[in-house]
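One structure is given here, and the rest of the page talks about it.
Think of it as A, B, C and D in the order they're written, each chain with its own count starting at 1.
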Amino acid sequence: MTEVRLEAVDFTYPDGTRALDGVDLVVPAGSALALVGANGSGKTTLARHLNGLLRPSSGRVAVDGIDAAERTVAQLARSVGLCFQRPDRQIFGRTVRDEIEFGPRHQGVSSEDAFGRVKALASRLGLGEDLGAHPDDLGDTRRKLLTIASVLAMETPVFVLDEPTTGLDARGVDRIEHIVRELVEAGRTVIGISHDMRFVAETFERVVVLDRGRIVLDGTTEEVFAEDRWPALRGAGLEPPEAAVIGTRLGLGSTPTEAAIVGALTSRAARR
Amino acid sequence: MSATWLRVGGGLAVFALIALAGLAALGGLEFDEALDTFTLVMVVAIPAGIATYALIEYAQTRRIDSITGQFDTRTLVLMPVAIALNIVLGTAVASALKIPIYFDSIGTILVAALAGPLAGAVTGFLANVIWTYLAPPPFGSPFAVPFAVVAVVVGLMAGTFARWGWLRPRPDSSGRRLLVGGAISIGAVVVMVVIALRAWLAAADGSSLAPKSDDTAFFILGWLVVLLVVGTAVGLVVLLVRRRDLAAAYILAAGVLTGIVAAFIAAPIAAGLFGGVTGSGADFVIAAFRRAGADLEQAVLGQSLISDPVDKVITYFVVYLILGAMATRTKARFPQGRYLLPLNESEDVRDRAAPER
Amino acid sequence: MLRLAGVSYRYPGAGHETLHAVDLELYPGTVTGLAGAEQAGKSTLCLVAGGLAPRVVGGTVNGEIDIDGQDTRDWPMHRLADLVVTGLQDPGGQLSLIAETVFGEVAFGPANLGLPYDEVVSSAEEALRLVGIEHLRAHDPTRLSGGQQQLVVIAGLLAMRPRYLVLDEPVAHLDAASAKLVLTAIRAAATAGTAVLMAEQRPEAWTACDAVAVLGHGNILATGAPDEILSNPRITTLGIEEPAEVRLRRRLSEAGLDPELMGSAS
Amino acid sequence: MSATAPLPSARAQGASPWHELDPLTRLVVALGTVAAALVLGGIVCLSLLAALTVLVPAAVARELREVLRLSLLLALPLGVSVVVVNVLFSPGTPAEGALLATGVVLRILTMAGAAVLFYRTTRPAELLASLQYHGVPSRATFVIHNGAAMIPRLAERAREVTEAQRARGLDTEGNLLRRGRGLVALAAPTVLGAMAEVETRTLALETRGFTRPGRPTLLWTPHDGPVQRLARWGVLLVLIVLVLEHLAGVLPC
């Protein structure tokens, strides 16, 4: 199983901005965590270290125990699948099928196996009937799902999804939540980067908060979104999810999700 | 259609008249004197031809819609992207790959195909001017501007070929038409090889064809060019055979024709102004010719007649791929987009309400 | 008032109509939200209301479109420019790129209208103030964040002093903080007398709206006050995300609890 | 409208008199220099041209060091090839080749110097405003300005696409055929992505009255004057004389 480890990672961009400042993070194999932070907090910079697109100025990144410095991006891409935020920076296939098959075919997967993966993934992501469609003719939601499908098709042990829910409608967000849960159940390691607090609270157990290149909070959603942590969150330019705010207003303790509120209210009603 | 032929015929006639008169008056057709004056004549003859075209259209319709129609907002927004493409790819190929192709007219041909001959010509012209004066380092190139004239001609030809439907995908063509298409393709390739051989033989006065193996730089270069040419040839054959797409034949024909015309215009400019040197891979070819005894003008023409057709075939092929990757809806919104759609699709897009001026 | 009556629209070469028999009215000083799932036709309705369809994207329109009582169907695009303007989703793609500073970008519209020099400068200054980005006036627009660029785009539209402002998902790609700034600017524009139509999918957008119209499969199914529309359970079937408060009340009643336990809405 | 607009965007930058000139004048000098360099042959004339229209203005603009450095940088690869092609491979005597080579190198240096001097002392936004002031239609100035502005944007987009495709296992190292296939995976999204932005920008310009007939309001006035107007026509006149005398072969150039 693949474990991701960062030890005292620093990174400064050529123009001098210091993006990561002594980051220590361990993502055990098969676990899922959400990486949150305001614009410029270093979320995307950290993600690019996981598959070798960026190399640390100092410190060490290890995937599956092997130092990432010893492997090329293409080699790392076999264990860490990184899905970028903007579909139009990636999509170039003439049809949905070509686009999803690009990753696996490049890894040497036979065309039948690749097509098998495409069909399975497409139906799971609601792209079942679009295999022959031109990517431009899909709406924003399905183009986003297409970029996610094209990374999932490589079946890497670790998945990093950069802002998977931006620009999606309600049904799209539900599909992403569903997929992440399925991946975790299948024993994959999932790192979701997002500023959509509701999605983070509903989908991930563990939340890591980045502020100006440093990890300021790391814990379960209950711990991180509890009222006493709000100053730290707001200091990092973030707002707690609405459910947490409503739960606190009703004096229910830390309720990061709506389900938590319903649960707390049910138990409170039962106690009376 | 007769009205259009009158305009085009008039324009070409005036162009030819001025070009021949200019060359005759300024030094005859032999290469030595005509060299310096060639650019000047072209700079006068081409605009005169276009102006005549416009005057005839104005006389016929009191408007010049066929020209202004090519410059709607969408084309004006596309042109900077095309200009940047010419410059970024042209700089990359010239500096990185050191192969005797230029790859600096993708944007020109793309705009010509989507918007029309004049839009393509203006794009090519501005690309070369901006490449010299406004391009930020490392993209600047001091000698791009004199070749603006070549880019204008490439744009005019590409736009006309596209208007004739030469860049239209023609999948699953019938057997008979594939045979004809195959013949055209082989004919185009033979023409290219014969020109290259003739220029080569004339320069190397009969010495062996293959580059001398001891000249390693030239040997590696040879292989690089072969790979690019083979890559395009394989791509075109795949189009012709596997997808039964007759477009391959049209791409080859368009590439060779544009390449030859471009070579004849570019060679005198390159020879006269810079001693035939462009800083790109083409210099190796010229060096080889010069060492084999050809004078400067012959060497440069020989090199151009090899490089330009190859460069243009590859460029047309890449533009064909780009157009293929674009959604039908996007293409249909451009002034000449409908001529790029397969025959069955282009009919029902006709009701695109022409945007108000 | 900008009025669409029985308007339908078909893209060129499309077999079916994207909009059919749409009725919509925009009143000065108000923000009308437009809710609907991905393929419901929100973007198309914005293009038609803003006059960009069919003038720039082609296709065929039927039905009546009039602005302040004038039938604008045959007007060229530039005659509409100081009446109705349209903002799109991607901020970076809407920059003209010919302006070296934010001030130049915001002044681009009024300059195109050929307004006298002093009027161009004053309307640009006013728009910067209304949207709250005077501090960015000398910055290079291409080097700003997505949220800041969207504010510049909206200022650039408001600088034309339009009576009607159409926005197609202005906050779709923005983080919560930037979205709040954009929604505040939109509210300020309405208060200053502009009628705004805002298509959106994010529930926090409805807090800035006076009314919400629900679009499903190309026609308007319902129009009304945000709370009334968004508490109707049927909207989830149309792929519209319920605001947190509404969804919670629904889940409480589904769990057999009294929704009033929620207390008053914040 | 004589006063320079209070616009921070297009104020004349840099204190040297050369910067204060109307950008059109600087452009005419640059174009004239390149045209003259194309027509003139001979080392004497080219050196005179370079001194007069590149080196002197560069000194005035306090950009001499930068202009020389960048021109050499631009002209060096070309210069080497010229020497290689003409001296080592020339059929004539090496001396003949050297003379021809020197002439060509000098011509390239002069052209590079003129281009670099213009680029270093004129911001694209200034040139755009000046061309509009002098009556060039806004549709043309839009394309000219954005043609330059799109270059870094396209290069940045290509870099982002490269990252996204490498994250999907695309190998940009490796043999030529894989690299060839990789080229398509990099070029296509770069081009198609830029094409998608074309549609958005088209709508954004149309809604902001870009197609209104007539000229947009000028927001900035260049420091033009009768002397500069005279100088510009003068450059044109000198150019015509040069062309005619070159054909007639009167002067040694």
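Everything below uses one rule, namely that a contact is a pair of C-beta atoms (placed from the backbone, for glycine too) under 8 Å apart; a residue touches a chain by one contact, two chains touch by 3 or more.
The structure displayed is predicted, hence computed values, not measured ones.
Visitor: Figure out the least number of contact steps between chain B and chain D, where 1 means they touch directly.
Guide: 1
Visitor: Give the chain pair that accounts for the most C-beta pairs in contact.
Guide: Comparing chain pairs, contacts are most numerous for B-D.
Visitor: If you average the CA atoms of chain A and of chain D, how far apart do the two points sit, in angstrom?
Guide: 45
Visitor: Need the CA-centroid distance for the pair chain A / chain C, whole Å please.
Guide: 30
Visitor: Rounded to a whole Å, what is the gap between the Cα centroids of chain A and chain B?
Guide: 47
Visitor: State, to the nearest whole Å, the distance from the C-alpha centre of chain C to the C-alpha centre of chain D.
Guide: So the centre of chain C lies 41 Å away from the centre of chain D.
Visitor: Pull out every residue in chain A that's touching 2 or more other chains.
Guide: In chain A, 92, 136 touch at least two other chains.
Visitor: Multi-chain contacts in chain D: which residues touch at least two other chains?
Guide: As it turns out, chain D has residues touching two or more other chains at 124, 142, 146, 149-150, 153, 184, 188, 192, 196-197, 201-202, 205-206, 210-211.
Visitor: Tell me, which residues of chain B touch at least two other chains?
Guide: Where chain B meets two or more other chains at a single residue, that happens at 73-74, 80, 325-326, 328-330, 333, 356-357.
Visitor: Any idea which chain B residues touch chain C in the complex?
Guide: Where chain B meets chain C, its residues are 73-74, 80, 328-329, 332-333, 345, 348-349, 351-353, 355-357.
Visitor: So in the complex, the part of chain B that touches chain A is made up of which residues?
Guide: 324-330
Visitor: Could you pull out which chain D residues touch chain A in their complex?
Guide: 157, 160-161, 163-171, 173, 184-185, 188-189, 192-193, 196
Visitor: Over in the complex, which chain D residues touch chain B? Could you list them?
Guide: 27, 30, 34, 38-39, 70-71, 73-75, 77-78, 81-82, 84-86, 88-91, 100-101, 104, 107-108, 111-112, 115-116, 118-119, 124, 127, 139, 142-144, 146-155, 158, 176-177, 180, 184, 187-188, 191-192, 194-195, 197-199, 201-202, 205-206, 210-211, 243, 246-247
Visitor: Per the contact definition, I'd like the list of chain C residues that touch chain D in the complex.
Guide: Contact set of chain C toward chain D: 47, 50-52, 55-57, 76-78, 81-82, 85-86, 88, 90, 92-101, 103-104, 107-117, 120-121, 137-138, 142, 153, 156-157, 160.
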